[in-house]
Amino acid sequence: MKGMKKVIGRPKYLKEVPNHYCPGCGHSIIHRLLAEVIEELDIRDRAICIPPCGCAVLAYYYIDVDMVEAAHGRGTAVATGMKRCLPDRVVFTYQGDGDLAAIGTAELIHSANRGESITTIFVNNGVYGMTGGQMAPTTMVGQKTTTTPKGRNSVTDGPPLKMCEFLSPLDGTAFLARTSVHSPKHIQKTKKAIRQAFQTQMNDEGFSMVEILSQCPSNWKLSSVDSCRWIEEGMIPQFPLGVVKQRQTEPS
Amino acid sequence: MKGMKKVIGRPKYLKEVPNHYCPGCGHSIIHRLLAEVIEELDIRDRAICIPPCGCAVLAYYYIDVDMVEAAHGRGTAVATGMKRCLPDRVVFTYQGDGDLAAIGTAELIHSANRGESITTIFVNNGVYGMTGGQMAPTTMVGQKTTTTPKGRNSVTDGPPLKMCEFLSPLDGTAFLARTSVHSPKHIQKTKKAIRQAFQTQMNDEGFSMVEILSQCPSNWKLSSVDSCRWIEEGMIPQFPLGVVKQRQTEPS
Amino acid sequence: MIHKAIIAGFGGQGILMMGVTLANAAMREDKQVTYLPTYGAEVRGGTANCTVSVGDEEIASPIASNPDYLVVMNAPSLHKFQSILRKGGHCLVNTSLVHEKSIRQDVKVYEIAASEMAEELGDLRAANMIVLGSFLKISSMVKPETVLEIVDETFRRKSPEVMERNKEALWAGYRFFE
Amino acid sequence: MIHKAIIAGFGGQGILMMGVTLANAAMREDKQVTYLPTYGAEVRGGTANCTVSVGDEEIASPIASNPDYLVVMNAPSLHKFQSILRKGGHCLVNTSLVHEKSIRQDVKVYEIAASEMAEELGDLRAANMIVLGSFLKISSMVKPETVLEIVDETFRRKSPEVMERNKEALWAGYRFFE
Amino acid sequence: MKKNEKVLLRGSEAIGEAALRAGCRCYFGYPITPQNELPEYMARRMAELPGTVFLQSESELAGINMVYGASATGTRVMTSSSSPGVSLMQEGISYLAACEFPSVIVNIVRGGPGLGNIAPAQSDYFQATRGGGHGDYRCIVLAPAYLQEAVDLTYRAFDLADEYRIPVILIGDGMMGQMMEPVVLPEFRKDLPAKEWAITGAGKGPSRFVRSLLLDVHVEEAHNWKLYRKYQRIERREPQSESYATEDADMVVVAYGTAARIAKGAVRRLRDKGMKVGLFRPITLWPFPSKAVARLAESVGKFLVFEMSMGQMVEDVKLALNGKAEVELYGRPGGVVVTPVELSRILSRRYNAMQHEA
Amino acid sequence: MKKNEKVLLRGSEAIGEAALRAGCRCYFGYPITPQNELPEYMARRMAELPGTVFLQSESELAGINMVYGASATGTRVMTSSSSPGVSLMQEGISYLAACEFPSVIVNIVRGGPGLGNIAPAQSDYFQATRGGGHGDYRCIVLAPAYLQEAVDLTYRAFDLADEYRIPVILIGDGMMGQMMEPVVLPEFRKDLPAKEWAITGAGKGPSRFVRSLLLDVHVEEAHNWKLYRKYQRIERREPQSESYATEDADMVVVAYGTAARIAKGAVRRLRDKGMKVGLFRPITLWPFPSKAVARLAESVGKFLVFEMSMGQMVEDVKLALNGKAEVELYGRPGGVVVTPVELSRILSRRYNAMQHEA
Amino acid sequence: MKGTILIKKAMCKSCGLCIEACPKGSIFISKKINEKSYFPAEFDKKNNECTGCGLCAVMCPEAIIEVYREKK
Amino acid sequence: MKGTILIKKAMCKSCGLCIEACPKGSIFISKKINEKSYFPAEFDKKNNECTGCGLCAVMCPEAIIEVYREKK
């Protein structure tokens, strides 16, 4: 474009293909951020992603790094196996809330407690996206899902789990942050948090996780724009944003 | 005995049989306390115990209440199934630290978060007793076990998990306490905590757990008396005793 | 004899509803019937389709690899399914959303601008009922009266207005090919 | 020919060590050998025992359901195993801890107050070596020299003193039945 | 809904409704495609039915152990999942079998191994019939081919589970789960008999326990033989199968579930062309209807096993026939659903080859 | 330790040491009796060996998925457990098979089902050979009967796993794990070939991925057939067995592992008494040495399968013989270990009955 | 005009998030359906207020918006 | 004497915890082995200082100590 300079474009490591995500889905935004951070940190050669069973199961089609698919919930165990064999790689799992906070609870907690030098990108959209919108451990009280037709009942189903806060007492966790991708401002903050998490790993400080509130318009049965509003008004009060833990380690 | 009055004897619901526990083992003390509390609360008719895979697997031979053995780590899931079908019974799991804090992590956390109206008697002896003294999630840093021949290394194995503190942020937990059975005084406190936990369940206030530091002379390779000393000097500093959480609910 | 129809379109077009209505009508007529939707792919896509099989003998496979009828409500569906329509089969096309022509010469094609017609009727969402009406005309899988009965029962409880509008749409589509 | 011995006693008596030493010696003599301890019951008990099989042909089962030799280091072990000792078999008893007599008349019984002897030697824990020495005498599964070699190698690195004391104990037990 | 009225139901809903009518009072499960409609149906329906428990478990592992707990109390209980989820239940199923806790487990099988896909498949046959868990045990395995049969077998599954104190696996696939067919629903069960073995608190009586730890090998062996005798009883009494056009057949296709539907369509086509082909359809996969198929071998020389897998049931057919007839496999793994037309082509080729040889 | 020197080792340690010498660099596992000595040995030894990873996983479920991760990087990796723990690994094993990740899994089988006991048993045969997980897949299953063989097969297991990119299960029991026998250890493997399929970061090249999700049924089917062809290759090349005193035998006992040792003892006794009895011992349980046993059926009329279970391998023997000889089962479940003497009594009774009939 | 954007319409899913994000109202939904049957977002060339701020691109889930600014 | 205890020696495992717990030194380890091959704890009848405080019984893992106090 004559007289014009490109200031934003598609990141280098986001493959030039259409994705399968629903319109307005937060996963696609998060994919882009990962591609950007990987480019900026120049770690494409040594990054390994472990995509989940969940809507992001096909992440290998989109982000241009090596990947190994994990069984549902076992991402951090797989990452542990890989990282222990390849300590100089940047190994990260990508997990949904069902994957991470329900079926994968034990693996997550023990990986975090061991302080595995891995990073978890935790996409909290409050539902099981891929399987069609069932209750997730992070579903809000009162939220209707296909398995809570009358809304999540805190008495029978329990309240939503706040994973960042929950993990923070564990010594092994070095960086824990909750962000969101419902507005440009929050997207930029998310990117920063992802970068910090990777950096934490590269400094070998311990386990790092970024929990990202992410819109699932299809299963929330809201428009993309209303989904962003729901994050702002419905979710953030329950899941406050910010760095939940950042361990200060002496420079070594 | 003439002129004398029996002030302490074997509790009614502790069966009159020798047990299989090693000399000085904390499990046997805890069994007795359970029998006493069940007698005092008069709930022998409606108590159901779910013994674990662990040294206490044979608890049904000793404590005179109905029991259903659970697969290793699944106690709270089994208890959930039972209690949901029999809401007026007093359902409690009996679990070791390997059972509860390693393989059973996910079931424990989700049962606690749902606020299942069950009680967990959590015997923390810092090792896998039954299988011969391997590292448990609660093994102390530096402690030698058969799988940590050079002592638990917090870098590769992570530090010990403090389960009471870990569970306390969960809304579903109503009563959480850590006690010990290494001295008569602490034994009495443990009994009180067990009673409170059962009472919590009977008031339908939510999930209750008593974590009990318990001696395993055989695997610690210490005498019974030294084992008690190790609890006092080695474990309690890491696992502070006391009521960690007691939810105040309005009388209903 | 068994007849099979594939109905295909977007997610929100009421495709599955058409199929279920048809299947219910067939059941009411005591015919053998199966209905099969494409199901909840673990990965989302924008399309929906279903297969209805109706006949007087046990239906072996609920899948139609060679359907007698094809109802296409959008362009991708035409691309996807036209090749498997049986020779001499019938293809009903909603031309409001499908602008291309079928490339096959060996099938009968019926065209209806259902969305426009629905707009005229005052309810864009009734397009599926219009097409269903047309389908009843060009096929003979079930009687239109039975479908009316089903529509009546389905919507009466919800809203008599919607029921009336749907019935109207159904007849409009039916009459279109008279 | 294959000979089988069961050695049984308390957990802390060095029972398994006796068996392993025997097995090592048999291996050194190029015999066929298996060693089988009772293993880590998921539930603890106070007893320990092991079975050593030595022979010149492949050993089928490492279990002895009908052993040629029985070495009992405590009373419960006598109760547990005496009935399976083969007719005419040999029963070596540590009378320091086993006060009852064997009830069987069809076996040869050898008695030694090993604990007292060990105390005399100045090391109560050497009782197992004394009994092992006696066993070498009454059986002929392996040569005492080979066992000495093994004991030498096992303990030399740890402590020459302990080695010497064990050897002494071994000979004392051996000589007891000379 | 009037009595005996036909209703058009989706497979998963038909199964769910039949379960509720059979007295199922507890459902524990975890989402997985292609069976999500079943828990979702249970969630909706159980919210209305008093005295029922619907709980979405945190995993299949937790789910099967909740089933174990509920069953221990004598409650009729069900879970459902699909292949990977059912793999996670194997330890639990082994425990259920060992403790003789009745339970109904629905497996809507998908393509595998691994994550595979969600298309119809029959590759969990071994897992279901041989016990994917450890130890000697069996589950009754029911494989409906029609939704009416799915309803009837689900209803029956709870009775079988209670009668024999055994886990019962109902096996289907995504096609069965998603399709709709007219069905007549059975009546709601009332007054289920009490289970005197159930663990419900000792009351005034002696305390009891259920466990599978049997440290004494002779006790464990006795328990194994006790189970074995039960399994033999089931093998004698409960095999079920359908024979179609087998009377004068020269060749018989053996297929179950979805594959059997397709096979029946294919057989019909071949019969129309005058080929003497029949269909044998096992309805119970375990106990396998060995006698019935062996009886056919008295007159039939060739059996063609059609499975949506690389060949698993074929072993049971061979075991049943023990060399008495030729057994061939036509396996289509990975979720491919062939059409009756395609299958009829395959069959006619093999039929003609056979005729040629003879 | 000198080269080729005999050493007296406990079974579990022999397996552990052989694994390390085979180039195993990673061990993940969870305690369970009767195999605790193996992880304990690995913990001790790996603390000394640089570049190795020992990690006690929080469960068998986590353990098998750590194996999966390590294997994905091309590292030789092992886990071990016993029956209930192996049941928990079934999903993971299915994924390993699907992704063709080489791995070695040791199952020191115990009595079951459920918690059972820790005595020697062979009741996980189905699980190991048929795949207790979901989907069409196979694992190579090796069943040593002697500790030297345990060493050799463990060593070989890693090569097989790499060569065929397949999970290999080494199956033993508590007796094998606990007993000591003299063994000669193999040399430490050096310079293992690089695996170009391993996922280690893209480097400068194109990025790669490994997955088992294959949504397109035709792609999944192609993958299944690819696996199938591999399995057929293994079935052609890798069956191993031992025949003992079968040349002139009228009756052959079929047994593996511990049972085979006992059977050999019994056979020797019977031979001493002049009875023409032999032993066929499968060393690979999958691929089952079907051809070898079928060849025996040319001269042998009766096969007696001796299993420490209610009868699982007996199916493979029947399938192999396909009616060509009589197959009988002598099964002892629950952890009971019969003695050679007892077994020889059983055998001689059956032998005499057979002679009588003939 | 300080800035402009390019939308790869063929890949647009019509989620509307760019429109919501644009402070200048420079984007609208096109009336012409794309190959994927979505009505794609379109840059309003007449609006002329685009500052090249990039918010639309930051928001776009499909990463199909390129942002250009006048060279200084 | 204000108190006394009864130890069911046959079931004693000689752990010594009662001895450690007794403030009065009223318990000792017997020299006579029991059926389980343990040297059981024994009440020191001569010591005569037992107060019946019950600490030994509270501590005993085997729950085999009965405590008696003088009737008031």
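We just call them A, B, C, D, E, F, G and H in the order they show up, numbering each chain from 1.
As a convention for this text, a contact is a pair of C-beta atoms (placed from the backbone, for glycine too) under 8 Å apart; a residue touches a chain by one contact, two chains touch by 3 or more.
None of these values were measured; they are calculated from a predicted model.
Asker: Using each chain's Cα centroid, which is most distant from the centroid of subunit F?
Answerer: G
Asker: Look at the interfaces B-F and B-H and say which one is made up of more C-beta pairs in contact.
Answerer: Counting C-beta pairs in contact for B-F and B-H gives the edge to B-H.
Asker: As a quick test, compute the distance in whole Å between the mean CA positions of subunit C and subunit E.
Answerer: From the centre of subunit C to the centre of subunit E is 34 Å.
Asker: Quick one: report the Å distance separating subunit G from subunit H, using the average Cα coordinate of each chain.
Answerer: Using C-alpha averages as centres, the distance is 87 Å.
Asker: Between subunit A and subunit C, what distance separates the C-alpha centroids? Give it in angstrom.
Answerer: Subunit A and subunit C have C-alpha centres separated by 41 Å.
Asker: Measure off the straight-line distance from the CA centroid of subunit A to the CA centroid of subunit G, and report it in whole Å.
Answerer: 26
Asker: Can you list the residues of subunit A that touch 2 or more other chains?
Answerer: Within subunit A, the residues that touch at least two other chains are 21-22, 53, 57-58, 69, 71, 102-103, 105-106, 110, 130-132, 137, 156-157.
Asker: Specify, in ascending order, the residues of subunit C that touch 2 or more different other chains.
Answerer: 40-43 - these are the residues of subunit C that touch more than one other chain.
Asker: Can you pull out the residues of subunit E that are in contact with at least two other chains?
Answerer: Residues 33, 36, 55, 58-59, 61, 84, 91, 95, 99, 114-115, 117-118, 211-213, 215, 337 of subunit E each touch two or more of the other chains.
Asker: Which residues, counting only subunit B, touch subunit A once they are in their complex?
Answerer: 102-106, 109-110, 113-115, 137, 154-159, 161-162, 165-166, 169-172
Asker: Where on subunit F is subunit D touching in the complex?
Answerer: 6, 8, 33-34, 36, 117-118, 174-175, 177-182, 258, 261-266, 268, 337, 339-342
Asker: Show me the residue ranges of subunit A that touch subunit E in the complex, using the header's touch definition.
Answerer: Those in contact with subunit E are residues 53, 57, 69, 71-73, 98, 102-103, 105, 128, 130-132, 134-135, 137, 146-150, 156-157.
Asker: For subunit F, which residues count as touching subunit B in their complex?
Answerer: The touching residues are 30-33, 36, 39-40, 43-44, 47, 54-56, 58-61, 84, 114-115.
Asker: Give every residue of subunit G touching subunit C within the complex, in rising order.
Answerer: 36-37
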